[in-house]
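Below are two complexes that have subunit A in common, paired first with subunit B and then with subunit C.
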Partner chain A sequence: MAKLGPAHYSPYPVAVYEQVLTPPPGKALMFTEIVDEEQAMREAAKAMLTRENATIFPGPQVLYAWNEEAKEKAKLIKEMAEVLDAKIIPMYDYRPKYPKIDPEVEINPNHPNLTIWHNKIKACIFIGVHCHYANVALKIIRSETDCFTIAMCSQAGHEDAMITLRDQHVEEIEKFIEIAKEVKKELGKA
Partner chain B sequence: MKVENKVEKNWAGQRIVSPDYLLFEAPREKHFMTGSEAVKEAVKRASVDASVSYPITPQSEAAHLIGELWAEGYVGVYFRGENEFGVMSEVAGAAMAGGRVITTTSGPGTLRAFENFPMWSGTRIPVQLVLMARGVNSPLSIQPDNLEVDFLLDTGCMIWYAENVQELFDMIIAGFAVAEQPDVHVPIITAVDGFFVSHTREAIYLPPDDIALPPYNPYKSPMPVIDAEIPPGRFLRDPFVMKSNYISYATHASWQWEVRAAIERSRPYAKHYLRGLTEEFGNKDSDIVFVACGTAASQAKEAVRMLEETEGIQAKVVKLKTIRPFPYEELIEATKNAKYIFIPEFNVVGWLEREVRKALYKKSNAEIIGTPRVAGGMTMPKEIIVKEVLEYIK
Partner chain C sequence: MSFKIYKVNEEFRDIVPQEVIDLEERATWGNPKRGVMDLPVSKELLEEHSLCAGCPESAAIRYILASLPNPEDTIIVNSTGCTSLVFPHISLHTVHSLFGNQNSVASGIKRVLEWRFPDKVKDVVVLAGDGATVDIGLDYTLQSFFRQEKITTICFDNEVYANTGGQESGLTPKGHVFKMAPKGKQFEKVPMWQLAIDSGCHYVARLTVSSPKKVERVIKEAIYVAREVGPTYIHLYTPCILEIGLNSDDGLDEMRARDKERFAFFEYKTPEAEEVIAKYKAEGLL
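Showing the complex of A and B:
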């Protein structure tokens, strides 16, 4: 991703058209730079701990017990929320919600800005959201809001997030929680 | 040797190997076959779950040969669709159900199926279509012509263009490897010129047929399995616009950009598996440059040889292997010394000329010349290309 939003609709904010691609394996993307994963994790933790109403948006891949990894990740996400003093608002499916979403209880990829506006969320983590819906939502968020987006992806990552961490499995989430604890201490918030 | 550590076999009893091993490392033997036969050989090594066919010249033989693979136990499901619209819908269903799918079509069949192509990309299915180009009606032509590629440019599908039988084989294998990357995951159209490639017998080097690609893993898809409630399934019966204009605009815009972003994300993978998005032939520093794809690139190479032998003029060809994504950077670099850029094409509209002009706008001072351009099945002898070049540069 190139710049924090709101970027508005025209031209629609699409990071690949600003020559930003997903990071290579073993690396992370922070704004337009390819960086080490640990550096990106530190900045992600800092953003979550310093911006208002930080929120984690867990998606279906971690909300439902598809497999053992999903169960372990779900427990870790609860721990992560405690460490980051963050709220959890789930994206429990991808259906557009009519006539209007309840933004206090859920976020939806088709109109994610409604939840972010309503809760005045200035930093968020996407985790467990299928890649296509994460990408659709991240573009809308960047278009419409000034929310600092962080994507923790189990696959190749999301260049439309301000920080993207790729290949995030149990071990990496545990590492992030440990780094977040350190950052919290450094910020005097522990 | 990068054979996968865990030796596994697919349902046909072939040993599973990585795409890198299959494409770059496995020993190869020389054969002599047509493009249609090369399609069969590629599909045989691709652990394909399903293929649906419908006859139309010149791809009928390739479709029929995939059917033989089903009879031989290499392809999971194979049947003939009701028409091309049915075929492209049916392969979409098979892909949405989690299968690796390939089909073939040509010319008017492409247009009959057309609504499905943006549906494929919008639903993020990595279907492979081998397009054996023949032009479109009217008047009816069954001859080599690639006008239908122009129609496909903005469907949200990747489009690669093979020059010859060998490249067609390799691109089909590589096509699956790239299209199925989780951050790409859009359809791949592998185009070749009908007859010139589909029906022409050429030397080709093939890896053994007892090895094959790993099966497609649908759990890495960027979308969950389709159902009637979750988009895109929901939107097939219940579009955004029917309920809320606001949701329609925002989601539709972002969704369409995302499909195109996915094509852009294919660049590094395509560069790896195709060994570059472009290929150069001739004198690298020449100021006369042909930009071409497919058979037009072959003919341009012959013209480069003839220009040097008969006129002492040096030139080069920049062959584009991918059209979507379009190789902007590679083209700009390859034409930086050009004074004249010729774009030979087998179609009436000059779609590649338009693409090249757009890519080089304010990036090149060269004169861009959309010629020679033949259509409707006319051939493009090297003598014609040389004659047109000489007329321009004199």
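Showing the complex of A and C:
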């Protein structure tokens, strides 16, 4: 995405209006630039390690043990959170919560900004969130907050995130964790 | 869809709210004998709802969700109306169709599921209001019956367009006056249950939701018949207590009063449906 938020309401600044599209296979998107996956992973790790209250938002595709890959990814996400010193707040389903969510323990795609405001989150990773809800949530976050968003997507990615890593499966997440360990060492935080 | 989508990964059990753990551990999955008697002791598939306080429709939805014989493999199709305020809150797969289009959408889903999962039982249930079923969507509803689609259609009849301020619907009884129908309805209530019989439904029932056990039996019979024979139709009276000027705690009395007149229990079964019902009864599932 072109700029960090908050971009406020209207005109709604969705990335495609600014000709920002998802990256081609094998590449990643960093703001408006198509870059190598490794470079984007380094920047993502740096953002998570240097910005306040970094948080990982795992979605239903990794929270629930519905296939072997999901089980593997769950272990890796826990490890990732340890390496990045990040909190985990689940997006466990997409139902609108009535009468209100508890922003300390959950995030909802219909108003993700509440969780980000409440916990003062300045960097986050979306992982395992179904595409259409990730798109909605990332747009709202960009519009309403100054949170640095990173999308680790198992499919084509999300142009509304500040960093988009596409085709992220077990192997890629392992690679990200290794890179995060290196970046942590470089930053003197290991 | 399968039960696995409700199993929380071990790594995340400490961070998901208790209601999600409850959904895995205390909801009545994988048990076709589940029913309304489980409601006080098990986790419901409806966490909360945004209908008006005391709305009989919310009771109807709770009974229906508790009665589905195969919830982990049931797809619910709904349409615009009061009910569409509830469906985002339930923990089953739901599809919100265009207003009136629900039986067409359900037909497509059922056919694709039969093709995609030939070895699995997948139930498709349409839940929609009187506007969607009998006014705006009458064509699509009846066409799905003519085509003998294996789906269950449930109409929540509150006899009015309630959440848009009280316009008369095809199911409003003759003479009824509403805020947006000040002259009173000029013609008779559409006998939808009769149209369903004439259009080829194999199981048809008309009732109020004053008796949870009766609702359970009807829902299960309709779903089993739809699974094996063809279309089934249930017509439920769920009055809009606000639009007819009642208080929040008057819904049950209103339904009990209508049990004795225009919503007296009525049931129709074809011989094929009777056979299926007898089979499930013998298996102890009804």
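Here is the rule we go by: the second predicted complex is superposed on the first by the 190 of 190 C-alpha atoms of A that agree within 3 Å, B and C clash if a C-alpha of one lies under 4 Å from a C-alpha of the other, contacts with A are read in each partner's own complex, and residues count from 1 in each chain.
Note that in this section contacts are C-beta pairs under 8 Å (C-beta built on N, C-alpha and C of every residue); 3 or more make two chains touch, one makes a residue touch a chain.
Please read these numbers as outputs of a predicted model, since none were measured by experiment.
> Thinking of the overlay built on chain A, is A:Ile89 touched by subunit B (first), by subunit C (second), by both, or by neither?
second
> First (subunit B), second (subunit C), both or neither: which does A:Ile77 touch?
Second partner only, subunit C.
> Going by the contact rule set out at the top, does A:Lys139 touch subunit B (first), subunit C (second), both, or neither?
first
> Quick one: is A:Pro60 in contact with subunit B, with subunit C, with both, or with neither? Answer first, second, both or neither.
both
> Between subunit B (first) and subunit C (second), which, if any, makes contact with A:Glu106: first, second, both or neither?
The answer is second: A:Glu106 touches subunit C but not subunit B.
> Between subunit B (first) and subunit C (second), which, if any, makes contact with A:Tyr98: first, second, both or neither?
both
> By residue count, is subunit A touched more by subunit B or by subunit C?
B
> Tell me the contact category for A:Gln168 with respect to subunit B and subunit C: first, second, both or neither.
neither
> Which subunit A residues come up in both lists, the one for subunit B and the one for subunit C?
Residues common to the subunit A contacts of subunit C and of subunit B are 60, 93, 95-96, 98-99, listed in rising order.
> Within the complex, which stretch of subunit A touches subunit C?
58, 60, 62-67, 70-71, 74-75, 77-78, 88-90, 92-93, 95-99, 102, 105-106
> Using the touch definition up top, name the residues of subunit B that touch subunit A in the complex.
Residue list for subunit B touching subunit A: 124, 181-183, 185, 220-224, 229-231, 234, 240, 243-244, 246-247, 250-251, 253-255, 257-258, 260-261, 264-265, 267-268.
> If we count contacts the way the header does, which residues on subunit C are in touch with subunit A in the complex?
Subunit C reaches subunit A through residues 2, 4-12, 15-17, 20, 47-50, 88-91.
> Spell out the residues on subunit A that touch subunit B in their complex, using ranges where they run on.
9, 12, 14-17, 21-22, 24, 60, 93-96, 98-99, 109-111, 113, 130-133, 135-137, 139-140, 143-144, 155-157, 159-160
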